[in-house]
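Alright, structures below, take your time with them.
Both complexes shown next keep chain A, but they swap its partner, so chain B is in the first and chain C is in the second.
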Partner chain A sequence: MKLRLFPFVAGLLLLAPPASAHLVTSGLGPFYDGALHLLLSPADLLGLLAVTLLAGLRGPQAGRWTVLILPGAWFVAGLIGLHAGIGFDLPWVSVLLLLVLGVMVAADAKLPAGAVAALAGLLGALQGLANGSALAELGAGPVAMLGIAGSAFVLALLVCAAVVSLRPAWTRIAVRAVGSWVAAVGLLMFGWLSQTA
Partner chain B sequence: MGRIALLWIASLATLLLWGQSQAHETQPGLLELNQLSPERYEVLWRAPIYYGKPHPASVALPENWRPLGEPTVRQLPDSALHRSVVEVAGGSIDSSVIRFPGLEGTITDVFVRVSRLDGSEVSQVVRPFQPFAELRGERPWYVSSGEYLLLGFNHILMGIDHLLFVLGLLIIVQGRIMLIKTITAFTVAHSITLALATLGYASIPGPPLNAAIALSILFLGPEIVRVWRGQTSFTIRHPWVVAFAFGLLHGFGFASGLSTVGMPKAEIPLALLAFNIGVELGQLAFVFLMLLLVRAFRVLELHWPRWAELLPGYAVGSLGAFWTIQRTVMMF
Partner chain C sequence: MKRLFIYEPKQLPALAAMAALLLWSMSAWAHVETGQAGGFLSGLAHPVSGLDHVLAMVAVGLWGAQLGRPAIWLLPIAFPLMMAVGGLLGLLGIPLGGVEIGIAVSSVVLGALILGEVRMPVLGAMLVVAFFAVFHGHAHGTELAPGQNAMLYSLGFVIATGTLHAVGIGIGTIHRWDFGRAALRGAGSLVIVGGLVFLWGALA
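Let's turn to the complex of A and B:
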């Protein structure tokens, strides 16, 4: 597949109807079900990728804060969504955030570590609320939410560290190129939402 | 820094696992269909005790299988054995689908074994995410192997106590060569006892075995603290010896995930090999992930206060102690 098709294909994957959202049954219990759920949710993964790439580009401090705040916010908001038990879905906000994060990565925006952490917290809270309310509808419990947050922690840690450790200049450009794809996917989703609204 | 990272991973894992006090209850279920006459089959359903309670899964036989007489239930120490006899019109059970309602909400695998009058025997594995078995004739060897490999892989990932022990070893071990030696020793040891137990040459009853495995985790707690105090011990100097010794115990634990009761004899070596490879792959994946995480902690320069560094050692030891006491009490 040619790389320029990536945003289009990714956009199609992300635009799967909400009805397709379900908790994956790993056969290994709710913790692993939750962990696998994040790994198999392209929209959640893309947001996580964008914010961790941004944090990685901004250095170890932004990476550290993001690694702690993102899964923390995800888990706490998830518990709130789980207990509130109401359908929570703000596609416009999520897509806008994805678009902004993608643009920031592509532009290598010189944000302070605190601002990156705040964005990570916002993303985590949005995703967590959406996940939590979806899990409540499925009758899943906090252990599945713990699996999602645990998975987010591990992924955030690995991606941030991988980007921070990049030394050659071209590797940073490659990261920014990935950011531009994320932005393109966000734009595609934004357009789609406008069409279907 | 690497050790701090591992300690914190251990600490987090311990906190996450604290609630799962009945760790590693993944004994498989077993459904045997023994042909008694051209149209009659004996159905034996062995449902393992699930976290101290009757297993939530049941067996739903095809509608055209007519029950003969009343089914019986016998309570065994570790399971409930349901027996019934059914008549199958036409005698052929091929393409029949047996369902296991309730299995999807559990972590239990079920072995399905069919023995026919002509002496042929077939087996397959049913997993919770696909809780039904479609009966067919002979299957290619690689299909069975794949099932057993996946079974082994899943078994170690669900084996919280095994993973915690490996994590404890990773914290104690110093240097790459020693790490390779230690993991190899653990692998060799548990492979030996897994084979011995599966082939029926040796066995240890479940309750004392589980208590001893918990003891192996408890054993590592003080060693981790010793490492952090800069002290040394036989375990710290030769972790591979401890890995080998306790690995022998853990191998018996792995064997509990592979039921060969009623399995065609010709299939046992293949099942054993594939299951063990699955266990090793799961273990390597876990070790590899831990090493990656350690590297990530180092790159991000995550530092912790000195007092916090001791916490994981105490946490691992406490969890080991809790399991040891709990499992010992359960023996009486």
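Let's turn to the complex of A and C:
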């Protein structure tokens, strides 16, 4: 009699959805948890993509500075966020920055390398503060923050190197088209934010 | 010996047919998808799900291919940006009259431009495309299902639009051959017919 109930109970157990209440764990410790966190955060990734595309379009010098300043600012601001432990989420500023970066990529704005690096630093600081304060609430430490900054460094390096090395005209145009998509997402996000505000 | 089946062997073909029919049944899709993947997939599917949108977005790519550089890449950049402006207007609650009519007319006008192989200054072409993109964006941008990630919905929605333009540009590469030029103009007439059908539906 009991065995007859077993498939039914097993079916009910399989139906239970995951709770999604905690930081995604990689099973490899806090460093990799942090690294995975960035890879699974589309908003952070989109900002990183926009600023690294811009840096790549502006050449090797802007690319080198961005690759160092972006993760550096991300990590330092993350530590501040971890220490302060206050919610630093500034969605309006992040979306505005996303929009500005997207428009600059789409327009192939001729910014000096220093200005691109400053934008990268600003983005890194904003994302780092938001990540750090969120991690503090979850009880994570600086090692997780190091994982996030490490991931940001690797991704920035890969995107900048790929874009700097683009030679055919159409490939740079494709990068600019992606920039217009980022700007479009930024515009739509303004709408969503105003709806939820 | 115990019997393995409770049915007769001669009934097996009928049972197999019944099993196949059961497997054939479609999912109910009775609930909204939630979470990040749901938002992205929903945004990705949205522009593709309406033939009126597909027609206009592919037509933008076809016209860009006819016009050549720099319109071939400026039009697909202008369209998603202005579509997002339309979406923003919708999200802010700013009404736009005759959205469905505007969408249908966009296909008619773009089809006519392709059929006539009309060449105009790049700025003029961008303005035409941008004007109609606002209607498409207004219709799309506001339809986020509850529980879904707004950023991923927007991202999927914009990527799908860009991909449809790319399909149009890809088809438009036949423009370099004589037969391709004629075929593209023929495609323009099909776009007009499609647009008129949608216009009829919007006005009815």
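Convention: the second predicted complex is superposed on the first by the 175 of 197 C-alpha atoms of A that agree within 3 Å, B and C clash if a C-alpha of one lies under 4 Å from a C-alpha of the other, contacts with A are read in each partner's own complex, and residues count from 1 in each chain.
What we mean here is this: contacts are C-beta pairs under 8 Å (C-beta built on N, C-alpha and C of every residue); 3 or more make two chains touch, one makes a residue touch a chain.
All values reported here derive from a predicted model rather than from experimental measurement.
Student: Determine, under the contact definition given at the top, whether A:Arg64 touches first (chain B), second (chain C), both, or neither.
Tutor: Once the two structures are laid over each other on A, A:Arg64 reaches chain B alone.
Student: Touch check for A:Phe31: first (chain B), second (chain C), both, or neither?
Tutor: After superposition on chain A, A:Phe31 lies in contact with chain B alone.
Student: Figure out whether A:Arg176 sits in contact with chain B (first) or chain C (second), or with both, or with neither.
Tutor: A:Arg176 contacts chain C only, not chain B.
Student: Taking the touch rule as given, give the residues of chain A at its contact with chain C in the complex, in rising order.
Tutor: 20, 42-43, 46, 106, 170, 173, 176-177, 180-181, 183-192, 194-195
Student: Any idea which chain C residues touch chain A in the complex?
Tutor: On the chain C side, the touching residues are 35-36, 73, 76-78, 80-81, 83-85, 87-88, 90-92, 141, 144, 149-152, 154-155, 157-159, 162.
Student: Once bound in the complex, which stretches of chain B touch chain A?
Tutor: 16, 104, 107, 109, 127-129, 154, 157-158, 289, 292-293, 295-297, 299-302
Student: Show which residues of chain A lie in contact with chain B when the two form their complex.
Tutor: Those residues of chain A that touch chain B are 25-29, 31-32, 60, 63-64, 67, 146, 150, 154, 157-158, 160-162, 164-165.
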